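Attaching a single structure in structure tokens format; questions to follow.
Think of it as A, B and C in the order they're written, each chain with its own count starting at 1.
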Amino acid sequence: MSEAIVQHGAVATPHGGGNMRRLNLGTALLGGLVLAAISWFLAHHFLQTDEPKTSNQVTTITMVGWAVGFMIGIGAFNGPWRWMLGHDETHEDETYLAGKGQGVGRYFRFTTDHKVVGIQYLVVTMVLLGIGGTLAMLIRTDLIRPNSEFLGPQTYNAVVGLHGLCMILATIIMITGPFGNFIVPIMIGARDMAFPRLNALSLWLLVSMLPILVSAAFLGGIPTGWSGYAPLADQGPPGMNAYLIAIIIFAMSSAIAGANITTTILTMRARGMTWNRTPIFVWGVLASVGLAIPAFPMFMTSMIFLGVDRTVDGSFYVASSGGNPWLYANLFWLMGHPEVYVIVLPAVAALMELTPVFARKPLFSYTGAVLAIVGIVGLSMMVWAHHMYASGWAPDLNGPFMLTTEMISVPTGVLFLVVIGTIWRGRIWTTLPMMSTYAMLWNFIIGGVTGIYLSDVPADYDLHGSMFVTAHFHYTLMGAGLTGAIGALAYWFPKMTGRMLNQRAGFVSFWLVQIGFNVTFMGLFTVGLAGQPRRIEHYDSLFAVGNFVSTMGAYVIGVGMLILLYAVVSSWRHGAVAPANPWGGKTLEWTVPNPIPLENFEVMPVVIADPYGYGEGDPSSVHTEKERREALVGASPGSPGDTIGSRVDGDRS
Amino acid sequence: MSRAKSALGLAIAVGGGAIGVALVGLILHGSGPNASALEATVRGTAHTSQGTLTHAFLKLASYPDSMAGEHGKDGGAHPDWVSYGPSTNLHVPAHALVTVTIDQYDGGEKITNPYFAKVHGTVGNTMTVNGKVRTQSNPDTIGHTFTIHGAPTNQYPLFVSVPLPAVPDDVPVAKGSDYPKPNVVTFSFMTHGKGHYVWNCEYPCGDGYYAKFGGPMSTRGYMSGTVTVG
Amino acid sequence: MSESRSTGRPLTRRGFTSDRVYVWLHRPATRHVLLLWAVLTIALVFFAFVPARIMGPPASPTKRAVEDTMTVFSIAAAPVAAVVWSIALYSLIAWRRKGATGPDVEDGPAMRGSRSPATVVWLILSSVLCVLMLIWGLAEIQKVNASATSRDPLIVDVTGQQWVWTFSYPQEGNIESDQLYMPVNRPVVFYVHSEDVIHSFWVVQLGIKVDANPGETTKTSVLPDKIGTYDVRCAELCGLLHADMETHAHVVSASNFSGWVTATGGHV
């Protein structure tokens, strides 16, 4: 309905938007600060003095006040409120909400346009990566030599916790946030997300979480590591309350975003986009958010229990009062292991999406790729206790969990096959996105193989909790995940910003980051094997060399990342103007013009083939499989060995 | 965009970023407790089982609050937290006999691990309490412990642990003081080569926190600190 | 192949496969990749012995089993990693577009791979590898457990608390120590618990680790078979001085152990 009207050129009247016209990030901050101040005053005034519980209660109430005030200030409750009063948004209101004709201002409002939300997510991701990266540099500086005492144990523990949490949150949203929101709707031929207002809600919840997260640093920090293991978390300073509120808000945000993206993908694909024509990236995003939907409530539950423990002596995790710390560990890892696939799957899927474009070949074994993603999603729910082999909880289950964990190597292996099969005999165009695929192939093999060591129960008894584990998961989450996200950013940058990413600066950054990364974490593999525990603030001189090497590598990553930041910012502002389809991709997002109009498509697209028909001629000219085959046999691609090759048997080369 | 302009942008990004990170690092570096270390006073030599060693002396006190330690007269951020004083960073010479005197002003109760009600690692595995020689203290009335330990690889595994008997709750405040008359505990231990150790209290005295090990027990400058040898 | 096309008769499976293998093997690319793969595999097999060397000399059958696992898994992973890396490397050398970059080039071969033998072979091989690793792991668990089983183990109660380890010996008159002493070649069973938060009891050179939990007692066992001084570390972040929650583990001769027990005030 609204689509039709917009198509006919209706312009938002100055009256559209109502109250939302006056609300933006400024009013949100004001609302947050005011309600936080009121909450703090009331809590401080009326609660009994019973340290440390009172501090925990005051912190919790203040944080909740901040978040509610922020969401009121941004206008998140305006829609529901008006609906309850019986007057729903008019079309003009909706168009205003979508950010029509608002210029840059729409990025600072409760804007529903999925493209605006995608860019906002990208900025939030970069902010989180920036904080986490800064803290990473400080961690490595502290560990540059034995007994450096640069930070001291208290600050070090706080820094480690905040680094881990910032990075985990950043990597969870880094694909499904920016690209899942911006690209996926266009890729499937939709005009927006299924629930545009929920989309804005998920983003602004995330923004309201950021100050809470950072405030933890000033409330004694998160001295538990990002995993917040109880009962150490029961003991921690009020920063732990900021931590748990931040995670509860994040879980709400990701549940809303997950429901929204899932619904969009399930119901709003273009005509003709059957499941076997759906781009693999869409599958990856669907798998990621689909996994997040059951996973994050576990984390949220564990945090609610922790909050009850800390504020009203709930004793969920306090053994002396009948609680059990293994409850926390189980809830945490029920989220924690699916979560690594929430991070890695869409990143690898993005690389699988762009590899055919730069190899000019169909995605090898599309069905295999889909089945592998589905298999990983299924298995990832059944492996959580491999993080608890050494915990003493249910040792009899270690064997079964070893089985499920090692089984994951099979579908993961298929993903490798898909990528190398696509590269095989391709016409490789070594752009920055494509080089990210190569970097993933290198890093993810190392991350995967070291993961297999850790899946083995006796080996894990030895290596669990050591720097080896730290290096292993950085190879997967950073080496595959973040590398995939950088590749995705470089790939979709022209579509998202209308400008080309500075290729030269991008490559300088790429090599610095990749070489620095491998140096850093090879160093940590060696000290981990030699027996250095994780998360220790100083270590004995036995580990001096590996740690020094690692710190040097980390500095190289830091410089590389800053160059990437420069490339992104400078290209965004004044990079070369990008054509609509700079890479020659076949997915739908490359069919819309730059800049992309408000509702993406003037005419709704109809899909007649999957986007990987490289070397197969024009899919619109053939109608049946038989005709398509004949057209392929008739065509004469390159070398004689390939002649008949293409469809009859050459596809098996 | 001109070459010079892009070089400037790059320099701003990399230089600015590096400076930013360094700044955050320096702020965090300075945010910890920076009380100056308490130097052991060297007075002559002592004849020990290890031969004639430098004899160094340290004087410490443990208080039921933070009004007399390194946090200033107003007690700093948490005036009601138990604390050690005058400093929690201790510096003692290498290859020396170190005699420590601790004035213990605080009350106490039952210790969770009775191992730490005994004296370990001192000369003769003894201490004196108000002049009387003891090898342990009643585990039901421990005020605090003073326990030195640390990462042992590549340095001598120094382990010294002394229980500090609690001052009974009904003892009145002494004249001219904010506290009752303290239990005076003395003990001596021998240092070997240079090394970095930590010390902390093993009596759970961070009241109200889980396992009574939060707050002052888990915050630097109260019930834990460093021992630098050499 | 051409015959079947002219007759229009479907290819027999056997003829089809052998033809295809022939064509495939005679492509220069295949041969180069195979060569690269072989070289990489050999290099990686040599590298497979590195992790165990970094882990240092083992002091128990448990640690020895762990180091063997690292080596065996590394060897098993070598050809797999080499496939991926050799194809990636070769594609960068041989199939990289030089000069004419941009989207407007001729497409590569339309290999869909939907019913490709490569997929089948890959799936079978990776499943077999997975099953072998699982069998290896289960056998290893058995072996490790068996190595430390005996009628007469030494029992040590391990207490973790913020931020020290203490050990007590119930069979030797409850003597206590801040350092761990064990006689060589006698199985040791550790009963581990915590007074406060979760710690993790790790004797690095013996290759054992189990968490110390409040309110629960966990158990691990090992057969120390080499005299020496080893490291006990805490492997679970436990608060402020986690990095300093370390001590020594001494594996000594049986007579030295008795001597230590007597000197500490216990009875053998």
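By definition in this document, contacts are C-beta pairs under 8 Å (C-beta built on N, C-alpha and C of every residue); 3 or more make two chains touch, one makes a residue touch a chain.
From a predicted model like this one, the values you see are computed outputs, not experimental measurements.
Of the two chain pairs examined here, B-C and A-B, it is A-B that is joined by more C-beta pairs in contact.
Put simply, the chain nearest the middle, going by average C-alpha positions, is A. Separation between the centroids of chain A and chain C, computed from CA atoms only, is 29 Å. Chain C has its Cα centroid 40 Å from the Cα centroid of chain B. Between chain A and chain B the centroid-to-centroid distance comes to 43 Å (mean Cα coordinates, whole Å). Shared interface positions of chain B, i.e. residues touching 2 or more other chains, are given as 151-153, 210-211, 213, 218-220.
Touching two or more other chains at once are residues 196-197, 214, 231, 239-241, 243 of chain C.
Shown for chain A are the residues in touch with two or more other chains, namely 153-154, 223, 231, 235, 538-539. Only residues 153-154, 157, 160, 223-225, 229, 231-232, 235, 319-320, 324-326, 357, 359-362, 364-368, 390-392, 398-399, 402-403, 406-407, 409-410, 413-414, 416-417, 420-421, 423-431, 438, 441-442, 445-446, 449, 452-453, 455-459, 461-466, 526, 529-531, 533-539, 581-585, 612-616, 632, 637-638, 641-642, 644-653 of chain A touch chain C when the two sit together in their complex. Those residues of chain B lying in contact with chain C across their complex are 112-113, 115, 120-121, 147, 149-153, 157, 159, 161, 197-198, 200, 202, 204, 210-211, 213, 217-220, 224. Residues 1, 5, 16, 20, 23-24, 27, 29, 51, 54-56, 62-63, 65-66, 69-70, 73-74, 77, 80-81, 83-85, 87-88, 91-92, 95-97, 101-119, 122-123, 126-127, 129-130, 133-134, 136-138, 140-141, 144, 192, 196-198, 200, 202, 204-205, 207-211, 213-216, 218-220, 231, 233-243 of chain C are the ones touching chain A in the complex.
Those residues of chain B that touch chain A in the complex are listed here as 1, 6, 9-10, 12-14, 17-18, 20-21, 24-25, 28-29, 31-33, 80, 151-155, 196, 208-211, 213-215, 218-220, 226. If you check the complex, the residues on chain A that touch chain B are 50-53, 134, 137-138, 141, 147, 149-155, 159, 220, 223, 231, 234-237, 318, 502, 505, 538-542, 558-559, 562-563, 565-566, 569-570, 574.
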